Amino acid sequence: MAPGGALVIGDVVGWLTDPAHWQSTPFDTGILGQLGAHVWFCLIALVIALVISLPLGLWIGHTGKATWLVTVANAVRALPTVGVLVLLVVIIAPNFYGRTNAGYLIPTEIVLVLLAVPPILSNAYAGVQNVSPAVRDAAFGMGMTGPQVLLRVELPNALPLIFSGFRSATLQVIATATIASYVTLGGLGRFIYDGLAQQDYPQMISGGLLVAALALAADLLLALAQRYTVSRGITGRAGRQAGSDSRVAVLNEELASETA
Amino acid sequence: MKTKLIAVAAIATTLTMGLSGCGSSSSSSSSSGSGGTIASKMIFGGPPEFKTRVDGIPGLEKNYGVTFGKYTVTDTGGPVTVNALKRGQVDAVDLFTTDPAIAANDFVILEDPKANFAAQNIVPIVSKDKATPGVRQVLNGIQSKLTTDGLGKMIGEVANAKKDPADVAKGWLTDNSLDTTGSSAKGVSLTVGSANFPENVILANIYAEALKAQGASIQTKLNIGSREKYYPALEKGSLDLFPEYTGTILTYIDKNATATSPADVYAALTKALPANLVALDQADAQDSDAVVVTKATAAKYGLKTIADLAKKG
Amino acid sequence: MIRPLDSASSSPLHFFGYFLDHRSEDLGWLWDHTWLSVVPVVVGLALALPLGWLARRYQWIYPPMMSITGLLYTIPSIALFVLIPPVLGMDPLNPLQVPIALSLYSTALLVRVVADGLGAVSEETVQAATALGYRPVGRFFRVELPIAVPVITAGLRVAIVANVSIVAVAGTIGMDNLGRLFDQGFTLSVSQPYYPPIVLGIVLCVLLALVLDLLVVLVSRMLTPWRRAVPS
């Protein structure tokens, strides 16, 4: 019953290259449809998380006020994602009637936003914090106002770390959006859960590969965006220690709080 | 700097719009062929495997000419399916006949005159070398008292009153005077397993408690995930006793099985089982799949049997 | 509120009563969850130490190694649980897939941390140790590694807290751990929400994450007595 390795790889390629699996029918949403749904869930969550946490992180870093918010946001990471999802579904879903999946979509989005906020917030904060006092003083010395310093000096300098945080958030959101299928929503996780239930392992593995491919593609896209938005002066100096990897920034942040 | 940020924002927005268009177009696929039958206007909700199972969507199409307009994956007779039907997310669902939610919500089970769903009588599957006359006697005694209604009541106690499956099992044994202590199973040691839904856990507890009272030494491994996990364990002897359903276990062993009536299914099962496993008596109690609709839907279209879904609406 | 310890109540506050009623099962899952969270981090550290040392010792290895480990980390956990069995020729439902997947993540995360932690050891320190007669291996264990402990600790904390959350995901595909409580609460929420198992699962997961995090910090303190002597 356990499928042999070679056999499975052939079956997976077969499953992925079958055109019927790419198109949607009333009974089966195809790969393109589920990919669209998956990206859509992730974009909603990332945009909401960015709108909440980027300004907040910049403000905390700039003013040095309410730094406990960063600690709270990081403590949120200890929450088990699936548990929070189930809890919210059980609370929210019964309030919706009719042809809508809002009862499942809203809890999923809340969970994804909860996941995305900590890395963006703490990196925006750490990014502004790490701007050297000399640079900041020079900007004030040139007669810039507080908001000007924040937008023209601190924000550009913090961009590499902000990008790291956003990339980390994006990866986590794309990966976690698969558990939306556990509460019956669409997305690429559908193939993983349906494959498991139908004993259709090629489908299940294809689903896994598609999620990984989407995560890689998104990270690559963000890496490109980072290259074109971050000032060359900054990448030249800070590139090495800020690193291109998102988790380093998170680690730096954790380290800062641990050594403090 | 600013222009670059705006450019990124613009790209992001374009992507959003493009992809959202894509997402919504896929979800709004409705009203397909099969010329205006009642079913063609309906969304069906059920577990993923129901889409492909012989007695699932393909069976409904073959036996009744019923083709639903759309299929939404819910869960295996769990809270999502019940609530999707209750709140109008879907119009018809696959539920299990013993589900207390059916009565609680005034749902209507559509009759299955052509026996699309095979018989699903409860049957204990035992390792042959553990099935001593004493063990057989104890278990068959339980089998003769198990009824569909009684099963439904016990599930209700777990699902609604949140009682422990073990306590519910003990209560049922006492009520049916099957909790007598004795020594008919003395000297036999068995590992009892169960799948991870309330009904199966209750049944495993009933078997375990009764055998224990008759002197058997019992170990339990309850709530084992899926059949792909526990059936091999049963075959290899790391589990000795498992509550099963005649139709499901038959089609699991023999994918081409065609029997539908309780007697035929049971006969086919006894032949299909490997030499080291044996099926004891089947109970009257059944827990089979059923196509279920709300009372309002049944009234609106005058639905009594699954065949009615194929009428023009 | 009349019978606060009756688990039949579905109030969220009655999770403790639920725990008392299902102690042995819940503690079993807590234990499963604990070892599933801890063992991968230990395995990950054991693998990351030599790999991180290699990446430092031979500079040309660093970039490709970081790309590979970074790539590993982009694979979502649920996908990895699913992908590991066929790759290793295991049964698709073998429970070992969970610790194997988590060990991969922990290794991927810790290799960079170890390499960067070792990289933070100043050249003067290394030269001084060499001058004192340390051979490369001895220098690694007695000088460079101890100095890198704080950075590695930060990495371990991230890895272990992330593991606690990821293990619960495996509960949704039928593996035994605290994630099963969520599954259980969900199946019993047919007519109305049944909070106790769900809330209990969240509470136990958060407590476990906090305790494990604290343990990592304590062990790190014990390993670096000199850091206490110097007020920062």
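Per-chain numbering from 1; labels A, B and C assigned in written order.
One rule holds in what follows: contacts are C-beta pairs under 8 Å (C-beta built on N, C-alpha and C of every residue); 3 or more make two chains touch, one makes a residue touch a chain.
Keep in mind it's a predicted model, so treat the numbers as computed, not measured.
A.B. asks: Which pairing of chains gives the most C-beta pairs in contact?
C.D. replies: By contact count, the leading interface is A-C.
A.B. asks: With chain centres set to the mean of the C-alpha atoms, which chain is at the far end from chain A?
C.D. replies: Using the mean of the C-alpha atoms as each chain's centre, the farthest one from chain A is B.
A.B. asks: Taking each chain's centre as the mean position of its Cα atoms, how many Å separate chain A from chain B?
C.D. replies: 37
A.B. asks: If you average the CA atoms of chain A and of chain C, how many Å lie between those two points?
C.D. replies: Averaging C-alpha atoms per chain gives centres 20 Å apart.
A.B. asks: Quick check on chain C: which residues sit in contact with 2+ other chains?
C.D. replies: 92, 173, 183, 186, 189, 194
A.B. asks: Of all residues in chain B, which are in touch with two or more distinct other chains?
C.D. replies: Counting only residues that touch two or more other chains, chain B contributes 83, 228.
A.B. asks: Return the residues of chain A touching two or more other chains; collapse runs of consecutive numbers into ranges.
C.D. replies: 1, 94
A.B. asks: Using the touch definition from the top, list the residues of chain A that touch chain C in their complex.
C.D. replies: 1-5, 8-9, 77-84, 86-87, 89-91, 94, 171, 174-176, 178-179, 182, 189, 192, 195-196, 201, 204-205, 207-209, 211-212, 215-216, 219, 245, 247-248, 250-251, 254-255, 258-260
A.B. asks: Give the list of chain C residues in touch with chain B in this complex.
C.D. replies: Contact set of chain C toward chain B: 7-8, 10, 21-22, 92-93, 173-175, 180, 183, 186-191, 194.
A.B. asks: Considering only the defined contacts, which chain B positions touch chain C in the complex?
C.D. replies: Those residues of chain B that touch chain C are 78-79, 82-83, 101, 104, 158-164, 196-198, 223, 225-226, 228-229.
A.B. asks: Could you pull out which chain A residues touch chain B in their complex?
C.D. replies: Of all residues in chain A, those touching chain B are 1, 24-30, 32-34, 36-37, 39-40, 43, 47, 93-94, 96-101, 103, 152, 156, 183-184, 186, 190, 193-194, 197-200, 225, 228-229, 231.
A.B. asks: Using the touch rule from the top, collect the residues of chain C that touch chain A in their complex.
C.D. replies: On the chain C side, the touching residues are 66, 70-71, 73-80, 82-83, 85-92, 109, 112-113, 116, 150-151, 153-155, 157-158, 161-162, 164-165, 168-169, 171-173, 178-179, 181-183, 185-186, 189, 192-195, 198-199, 201-202, 205-206, 209-210, 213, 217, 232.
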